[in-house]
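First chain A sits with chain B, and in the next complex the same chain sits with chain C.
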Partner chain A sequence: MSVTEQKVDEGLDETRNSKSEVRNFIVFNDVSKFYGEILGVNRINLQIAPGITSLVGPNGAGKSTLMNLMTGLLRPSRGHITILGIPTDQPEQLFRKLGYCTQFDSFPRGLTGREFVRSFLLVHGTDRKQADELTTIAMERVSLLDAADRKVAAYSKGMRQRIRLAQAIAHQPAVLILDEPLNGLDPMVRAETIALFRKLAGEGLHLIISSHILHEVDMMSDRVILLNNGYVVAEGNIHGVRDEMEEHPMQILIRCDKPSRLAAQVFDHDHVVEARLHDDRLGLFVKTRDADRFYLLLNRVVAEGEINIESVAPIDDDLSAVYQYLIGSGGGPS
Partner chain B sequence: MSTSTAEISPTPVKQPLPWSLWLRQVRAIFRLEIEKNFLGRRSILLYLLALLPIGPLALLAPFTPPGREWQDFTQYNMIFAVYYGGLILRTVVFFGCAWIFMNLFRGDIIDRSLHFYFLSPVRREVLVVGKYFSGLVTSIILFTSMTIICMLLLYVPHFPSESTRFFLDGPGMSQLLTYAGITILACIGYGAFFLVVGLFFRNPIIPAIVLYGWEWLNFLLPPLLKKVSVIHYLNSLTPVPVSEGPFAVVAEPTPAWIAIPSLIAVTALVLFIAGHRIRHMEIRYGSE
Partner chain C sequence: MAVYELTYKQYLGKLTPEWSRFLVIPRHALKDVFKSKLFTAFFVICFLPLLVEAILIYLHHNVSALAILQVNVRELLPIDNSFFQTFVNLQGGFAFFVALLVGPPLVARDLRNNALPLYLCRPFSRTEYVLGKMSVLLILLSLMTWVPQLLLFAFQSYLEGATWFVDNLWIAGAIFISSVVWILLLALLSQAISALVKWRVVASAALLGLFFIPSVFGEVVNQLFRTRYGSIISINANIRNVTAGLFGTFEKVTAIVTDFDGEFASQLSLTEPPLWISWFVLFLICAFCLALLSWKVKAYEVVR
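After this line comes the complex of A and B, so read on.
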């Protein structure tokens, strides 16, 4: 094989790899959306892998705009988006792979839950028998089978939320986009729904979820996208994002029997910027610029055996803290 | 290497059009929409509108009103022609179609439920066709039956035996079918126009009123401009020509073999525009 042929082959491999990558990702390529003069989202570049990805940000941050752009309900003013390799302006292909549970709490009038889900499966082009089967599976997954033959208009808010979810998952899509899917659900159903999301993600689906309940987002997400004023402020695994925020040293609480002694030992190290005793004198708050080095240091202290360490817990290594640092408490998540 | 090169720029293979899928989708959309058209809360106004020309004729049925023309059976075809042209066609069918077809999309936008269609793997043109057919069938069923009922209500109660002969042995049946056919053509033409108006305009009442004025003033327009209207073609088909008054500009009626295909061709063009428009449509209920 000549050098030129080899190069061509390598080029082809690269093309194939990038193509197969694109086919497995949700890709935003320099996407902006303006509503006249008003900015919706600006210069968004993202590659979203399978799993649960949460969109977090205050009101007007651009979460719903991003979701509507992903589903072709809105068209980008600039840039382009592909969902598993399919451009969003091709609904015929896109919605065979994508389900979207919007925030719009409205339904076609006069339908029962079952009729609602089934009707839109028929609109997909599914035959009647298969539509019946898929409807039952979807209703069962959202625990709504008992109320399937009641009119949607008579459903509670939580039930309406679940029937929308059933409609979004009925055709068994590979990508599921959910705008505030936990709104209006009672704690029990919330837990069931989160378990369902985890199960779907485990099956290899992409789940894009917007939620304002940070601890739930933290619990269920594989990665987060933080948005503010139409810009992506941070994205990735929440702990990874936290690690990169060097301007905000990590806070760790160490419960031990000799916190003052521990404070003296750790304070010598340049990555420790603050050490403060807990009010009960049985713990030490440490702020460090390098959590990994601090944990190594702590290992050495434990190995020396002079201080009994009961527990070590980061106290600002969660989404709430990251949110607070990056976006602040001004807007409050929506 | 030639195989690899072929992989870089594959020759696009032309897929056959999925007609059977489109047909299934049109049927599913049609079923959803027809139920809404007939049983939705918006249908009440439609039924009232359809009853509007039936009411006066039903009230007059038990007795013959005074006036020479009411005593003379030969005048009834003229009475119906005026009643049909003035009230049924230009008012009830016109506004009925406006209500049905403008609400096909606008109604879903107001109800915030259009996104369910937009989030389905449906070619947007297929959606337009499905919705249009549902509106067409609704309007045809309502207004054709209304036309037939009105004609029978005018003739039969006052001259039962003459009417029986008129409809069974005379020109009555052909006139009845012609009026029904004109109503169907009106639904086809006005339907397409109002469907597009419902897509293009946030407040479709204004273009509807403009068209209403244009259609009413059609008798004053020069012959060339007359042809840019639905009513001109429909008037050309009426079995009993009605005088449009001393100020009317007389124009040759368009023969049926031109009028009917022209109306259908214009309808197809308008639906094509609607299909093109809806492909680029965004859903932003907040700004509606």
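After this line comes the complex of A and C, so read on.
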């Protein structure tokens, strides 16, 4: 094979790979949305892979706009979006692959849970027999089969949340967009729902979730998209995001028998910017600009055997801390 | 980043034709509407004039029945264009009250509950949504206007014979077109108001006001300026003109002017607006309603 042919083949492979990537990703390409003069979101470039992606940001950050753009309910003012390779302006194809669960508590009057899910499947275009089967599957997935024939009006808030989820997953989409899906759920059902999300994500589904419960987002998400004032402030795996925030030293709590001695040892290093004793004097808070170097340093301390270290835990390596650093406390997440 | 194996099975089965999906809306809405016994009773009452109409047609052709009732056929209403027009107008009045009861909550309820995204995040367009909601009224009102009227026309044709049918086929056209124009106007107006006003009672009141207030105002203008042009702002007057035009009974209105003693002073031929103005006004109203629906029926209200 000549060099030219090889290059052509490589080029074709690259094109094929990028095409197959596009078919498996949610892609935002320089997307902006303006409501008249008001900014919704601006210059969004994202490639969202399968798994659970959470949108986090204060009120007015652009989370709902981003979700509505993904569902094609809003058209971008600039740029374009593809969902698994399908442009969002092709509803017939798009909504075969996409399920949306709004945060609004709205149900047609007088319907039972089963009728609610079934009727929207019929609107979706499934025939009556298939709609019956898919309804049962969806109700079972959200553990509502027992209450399927009760009126939605008689459901508790948690059950309503689950029936909305059922209507979103009933047509078995590949992408699920869920606006505040954990609101109103009791801890038990919340845990079950998160387990369901994890299961769906494990099967290769895209789940885009907006939530304001940061520790749950942290717990269940593969990646987060932090939004503020219509811009993506940070995106990716939460620990990866934290690592990249060099201007905010990472805080680590080291539980040990001689915290003062440890403080003296670590403070000599330039990447350690602060060392503070814990109130119970059995631990040391350390702020470091380079967590990796600090962990190597700790390894050496452990090897020397003079200080007995019980535990080491980063205390601001979570979404709350990242949120505080990047967005601040003003407004609070929504 | 977690690596996932794609084991999830998407539903890739056949979908029903796009055109048929909007029918899910009337199916559920009609079920809901007829849950009310009061409404069902009213809907049944709406068919009473049709029963009277059927009896009148029957009596015209049954000599023995006339003899039993001791009625001369000449004393009965003649079965002609005016006969059908009278009953079309009567059923139109009932249709208005049905629209008043059923129409206002159709879109308003979804808007109030932010339920539009539930419909629109599917292969289901805004047009199909509006069509689905409108078809609730179109089906109900058709059932009580042109469908039974055409059946009665067929009944009359059957009793009278083929010649009558051929000679009066245009009346069937007038029945159909005038009823369709009326129910389309009612459906569009009630949907537009429903999309604009989120409270059912207010929407019903607005619909009622829209029919009666301009009529009163138009009549005042007519009286003050001795004209008939005031009627062009009245939906009732316009629909009356259009129906009369279709049934061939549209004529200029003549007024008799009297002096202070009530004695005849002069006969005044008022300037009746031409028939096309009534058609044009109805067309404008429909276009305005469609524009309003297109503006309001959105998955999300854009805040400016």
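Definition applied: the second predicted complex is superposed on the first by the 327 of 334 C-alpha atoms of A that agree within 3 Å, B and C clash if a C-alpha of one lies under 4 Å from a C-alpha of the other, contacts with A are read in each partner's own complex, and residues count from 1 in each chain.
Just so it is clear, a residue touches a chain if its C-beta (ideal position, glycine included) is under 8 Å from a C-beta of that chain, and two chains touch if they have at least 3 such contacts.
Since the model is a prediction, treat every value here as computed from it, not as a measurement.
Asks: Following the superposition defined at the top, how do chain B and chain C come out on chain A, clash or fit?
Replies: clash
Asks: A:V123 in the overlay: touching chain B, chain C, both, or neither? Say first, second, both or neither.
Replies: Both partners.
Asks: Based on the superposed arrangement, let me know which partner A:T102 touches: chain B (first), chain C (second), both, or neither?
Replies: Both: A:T102 reaches chain B and chain C.
Asks: Looking at A:G202 after the superposition, I want to know if it touches chain B, chain C, both of them or none. Which is it: first, second, both, neither?
Replies: second
Asks: Could you look at A:E92 and tell me whether it touches chain B, chain C, both or neither (first, second, both, neither)?
Replies: both
Asks: Now for A:G110: first (chain B), second (chain C), both, or neither, which partner does it touch?
Replies: Touch status of A:G110: both partners.
Asks: Output check: A:I38 vs chain B and chain C. Expected answer is one of first, second, both, neither. What do you get?
Replies: Once the two structures are laid over each other on A, A:I38 reaches chain C alone.
Asks: Going by the touch definition up top, name the partner, chain B or chain C, that contacts more of chain A.
Replies: C
Asks: Check the residue A:R75 against both partner chains and state whether it touches chain B (first), chain C (second), both, or neither.
Replies: A:R75 contacts chain B only, not chain C.
Asks: Chain B clashes with which stretch of chain C: 5-13, 203-211, 221-229 or 239-247?
Replies: 239-247
Asks: Which chain A residues are contacted by chain C in one complex and by chain B in the other?
Replies: After superposing on chain A, chain A residues 35, 68, 71-74, 91-92, 94-96, 99-100, 102, 104, 106-110, 119-120, 122-125, 127, 167 contact both chain B and chain C.
Asks: Using the touch definition from the top, list the residues of chain C that touch chain A in their complex.
Replies: 1-2, 4-16, 18, 21, 24-25, 28, 32, 35, 109-110, 113-115, 117-125, 299-300, 302-304
Asks: Would you tell me which residues of chain A are touching chain C in their complex?
Replies: Touch list, chain A to chain C: 35-36, 38, 49-51, 64, 68, 71-74, 91-92, 94-100, 102, 104-111, 115, 119-120, 122-127, 130, 134, 167, 171-174, 200-205, 222-223, 237.
Asks: Help me check something: in the complex, which residues belonging to chain A touch chain B?
Replies: 5, 8-9, 12, 15-16, 35, 68, 71-75, 89, 91-96, 99-100, 102, 104, 106-110, 119-120, 122-125, 127, 167
Asks: Can you check the complex and tell me which residues of chain B touch chain A?
Replies: Within the complex, chain B contacts chain A at residues 1, 4, 7-8, 21, 24-25, 27-29, 31-32, 35-36, 39-41, 111-113, 115-124, 279-280, 282-285, 287.
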